[in-house]
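Look at the two complexes coming up: chain A is in both, with chain B in one and chain C in the other.
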Partner chain A sequence: MLFVQLLLGGVQNGALYALTAAGFALIFGATKVFHVAHGSAFTLAGYVFLYGWTHNWNSLLSCLAAVLVAVAFGVGMERLVYRPIQRHEGSFFTVFVAAFGVSIVVQNLVGVFAGRGFASIDTPLSNASEVLPELFLADVFWVAILVALVMFVALTLFLSRTNAGVALRALAQNPDLLRAYGLSSSRLSMLAFALGSALVAPAAILSAMTTGLNEAVGNHVMLLSMASTIVGGVGSLRGAALAGLLLGVAESVVLVFLETQWASAASFLVLFGFILFKPSGMFGAAVAK
Partner chain B sequence: MIAYFSNLATLVAIFGILAVTLNFMVGFAGIFSVAHAVFFGLGAYAGAQIALTVTPNPFLACAVAAGIAGVLSLCLALPALRVRGEYFVAASLGLQMVALTLFSEVKSLTGGIGGLTNIPRPQVFDVEVGVLPLALLALGVLLWAIHAMANGSFGRTLKAIRDAESAAEALGKPVAVAKALAVAFACAGAGVAGALFALHMSFVNVESFTLDQSVLVMAMVIVGGTGTLFGPLVGAVLLLSLPSALSFLTFIPPTEVGSVQQIIYGLAMTLLMVFRPAGLLGDQNKGKSHA
Partner chain C sequence: MLEFSRRALLGTALAAPFARGAAAQEGPYILGSVFPQSGPNAEYGGVFTAGVQLALQHIEADKLLKRPIRYISEDSQALPQQGVIAMTKLVNIDKAHWTFAAFTAVSKAVAPIGDRAKTVMINGGAVGPDLSGLSPYFWNVIPLAHLETRALLPYLVGQGKKRFALVYVDDPLGDAILKELGEQLPKVGAELVGSFSIPRDAQQFGPVAARVRQVRPDAVYIASFGAQQSQIIKGLRNNGVSQQLCSYSAMNLASVGSLPEAEGMTFTVQKVDYAGGDALTRRFAEDFRRAHGKEPTVYNANYYNGCRLFGLLAHELEKTNTAVTGDSLKDTLHRLKKFPLVGGTGEFDAAGNMMAAIEVVQWKGGQLVKLA
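And then the complex of A and B:
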């Protein structure tokens, strides 16, 4: 039963990882920006939700504020940091260092203003009940899976059925041709950042209800999203989401054999293995050296 | 006061070694590693174990540390040969996280979270020597070696690989060997820095070898200017004197000093990248589109 319990816990976390990973993959695929500050959007969204909740805002309002802050952060990064660097042909590493700097700033600002250490909230959703003998499940499990599924269906429909979605996919494949057809790649980049960052908000809110948040949670989210994007195969949203789910499950199930401290090492070992032996990931096209 | 400054100078020299060796990898070979603290840590544990169990001779400690870090640098060289750019950064992040877990879990060699304590002072022929002259010596030797290599054929080969790998390969340059050697040299240097750090602090634990430390060293290189000889040293001096400078600002509550310091690091990294991507000493016209 312990195994099933861990497996279900892993699926719950994995569903949330899948959302953040899909956001990262969407941004990286469309704009080729390695958005290392993705985790900061998660931290900010989570803490805004916590703030709203502890100040007795309407829960819908808290969620909305969380989404808005995440989107504003993503779009702000694109406009104020990535765009100026790309304008003078900065290398990918320039982008990486700048984004890493921002995530350090966000982590410490949150630490100063919201306090350090774990913060979480209790909702009726997070009370676990025994569904089978020795198997405990909270309602938040179903919420997490439902939210992840709804977001994916919505995202897939958006990318395949609407003009803006098709244009986003075109931007990922051939930005020059896109501009030749008179579409604005800068507005589409902003759209990619807005959408990608919005995807972390539900994950951040649900994490606040389950595992809790701390000021450094963004690092973990960023590393996992990055790992999932690479393991899943760059350019494949489905791959990233699936890899996020798998890493979540792996992190949890590995506890059957090993102690807690090894959990994250296990997922990074998987990442390391993929980069060495199959850098194109599970669903990606071959990577040029 | 003298003790304070000699401590600061020793740390500057040790981090200077870290920064100039990382700069060799980043600036000359175009290998963007964010796992430099791993090899710093390997050197520190190796040096500490030598001093604790064999002899407090600092030269032996440094040699063994350099050897171990150099050999294990294969973990970094392998992905460097396979992938470039974002993928390599991701691989080095992965290596950093795995190594950190190993450092805190392989308790028989590293002492776990508690670390290794009571490391003896360095002695040469039964005479106790300070770490500062040793660190300055090591820094001087490394700077000279990097200067010599940068202007020799090896440095030129590396720069060629950095700027156009396929072209370098087409001209018959031994790409794989050159990359592996560059990584091994830089990591061995980090190992020496680690051994000196262990001897200086006479205590090491896993907290000195985290991702934050790797990023701090990276920030020194970036702030000073990648690909310059003395830029990383300037970066090391600036970033290490920041904490002491902040302690004069009494209006910051002591509990928040660490955070304020981190915020300044972070802001400096971001603003420099946006407005002056080649660093303080770097040539602003050269090196805009590396990698």
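And then the complex of A and C:
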């Protein structure tokens, strides 16, 4: 039963990792911007929801506020940080350092305004009960699965059935051709940042209920998002989402065989495995040089 | 009988108002801290600093010292590497007379730097047992973990808890508590039925809870700190671990007390009577409440004491016009041994550890309730 317990726990965490990883992969795939500050969108969304919750806002309003803040942060980063840098020089490292700097600023601002230390939401949703002998499940498990499924179905439909979605995919594949057709890569980049950042909000809200938040929580999110993007195959949204799920399951199920200390390391062992034996990732295309 | 000429008395009287100014011209005493001011343990940095700042205000208000004090705060992020950088700056560039450290791993990392520079280091937050005797210049104003567990375990065993599980952070503090529980539990008729090591950056504790449930403990001891300890409590409680949770003084944080899942958490702290204690303790508590609008914690008191101790030692040295150095401070500490501090008279042993009474407390409804 321990295996089943760990597997289900891993699926719950993996669903949340999948959402954040898909957001990062969407942004990186479409714009080629290594958005290290993606974890900050997670942090901000989580704390805004927490603020709404503690101030007795309507739950839906709190969720909406969290999504809006994450989107505003993503779009703001694209407009105010990445675009000016790319206009002048645009080297990978400049973008990386700028994003890294912003994430530190966000971390400190959250600490100043929301207080340093642990913060969480007390809700019956996260209290597990024994559904079978030795098997504990909380309602948040079903919520996480459902939310992740709805978000991925909606995103898939958007990317395949709408003009903006198709254009976004085209931006990822050939931005020059996109411009030749008279489409604005600038607006599409903004859309990629908005969508990618919006995806972290549900994960942040559910994390506030389960593991809780602190101002540095974005660092962990960012690491997992990067690992998922590589494991899933750079540029593959589906790959990143599945990889997020895989990493979540791996860091949980590994405890059947190894000591608890190895939980976090399991994710990165999976990452190393892919880098060594399948560098293109689960769904990435191999590139010949 | 000593006799003074009128001229000598007149000269002394005229010079007196300037004596403090002349001393001040020697430059300020430099006090520096290596606390986490950012990252998941930053809450501690704020708590520790509040204690130091109140002591500085009292030293200034009491005109305890002739020279002013300059306080420099460096950010360790509770990481040994950052702590070493911060401590190196404090002793080599700022030429600190007195420093404050916290966290077992950080304290062990910075101690050799302070030792080489003969700069006093005060620990009021870390509890790793091997912090005792780390350096002649490293002093503890907090009871270390071995003393805390020896106070807690008999109480819990008396409550019928015989099987203990330990969830511990993989660092010197966690290792020390693992060793301590392994040695002490059999002595009090209990056993360690499972120990679960976690990395410092671990955030998911659902899987750990599943492993803890498997060993069927009566009580779960948590040896961690900062945001992580709250995450562990929430992770265990939300995932079916309903047994008694227990720990050491790191749980004495407002963020832990306000956590619904921490209800019933039992741990040890230093005994300090803020209401009925001596005048110094009452003054500390009243001024702290006035400044921060809440009750002080023992961490506030510890770092207040650490800073006040500098004031008392330097005052002694100033009286005899002795230079304030690491060695002179150390010699004065060992000569006087006892000092009026918050919580009562603080007495130091030869290794620089302050003795303190310990009590068993519990979080109940967000309030700290004394159990034993």
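The rule is short, and it goes like this: the second predicted complex is superposed on the first by the 280 of 289 C-alpha atoms of A that agree within 3 Å, B and C clash if a C-alpha of one lies under 4 Å from a C-alpha of the other, contacts with A are read in each partner's own complex, and residues count from 1 in each chain.
Assume a contact is a pair of C-beta atoms (placed from the backbone, for glycine too) under 8 Å apart; a residue touches a chain by one contact, two chains touch by 3 or more.
Keep in mind that what you see is a predicted model, and the values were worked out from it rather than measured.
For the composite obtained by overlaying on chain A, chain B and chain C cannot both be accommodated without a clash. Applying the stated contact rule after C-alpha superposition, one finds that A:272 touches chain B and leaves chain C untouched. Legend: residue contacts after superposition of the two complexes on their common chain; A:101 is shown touching chain B, with no touch to chain C.
By the document's definition of touching, of the two partners only chain C reaches A:2; chain B does not. With both structures placed on the common chain, the touch criterion links A:261 to chain B and to chain C.
Look at A:92: by the touch rule set out above, it reaches chain B but stays clear of chain C. By the touch criterion defined above, A:212 reaches chain C but does not reach chain B. When the two structures are aligned on the shared chain, A:117 is found in touch with chain C, with no touch to chain B.
Of the two partner chains placed by superposition, only chain C is touched by A:13; chain B is not.
For the superposition on chain A, the stretches of chain B under consideration are 165-173, 201-209, 219-227 or 273-281; the one running into chain C is 201-209. When the two complexes are laid over each other on chain A, chain A has residues 107-108, 111, 261, 264-265 in contact with both chain B and chain C. Remark: chain C residues 38-40, 42-43, 45-46, 167, 170, 196-199, 201-211, 213-214, 226-227, 229-231, 234-235, 237-240, 253, 255-256, 259-261 touch chain A in the complex. By the touch rule above, chain B contacts chain A in their complex via residues 26, 32, 78-79, 82-91, 93-95, 97-98, 100-102, 104-105, 165-166, 211, 215, 218-219, 222, 256, 259-260, 262-263, 265-271, 273-274, 277, 288-291. Within the complex, the chain A residues that touch chain C are 2, 5-6, 9-10, 12-13, 107-108, 111, 115-120, 122, 126-130, 134, 136, 138, 210-212, 214-217, 220, 251-252, 255, 259-261, 263-265. Across the interface of their complex, chain B is touched by residues 34, 81, 84-85, 88-105, 107-109, 111-112, 219, 223, 226-227, 230, 261-262, 264-265, 268-269, 271-272, 275-276, 279, 287, 289 of chain A.
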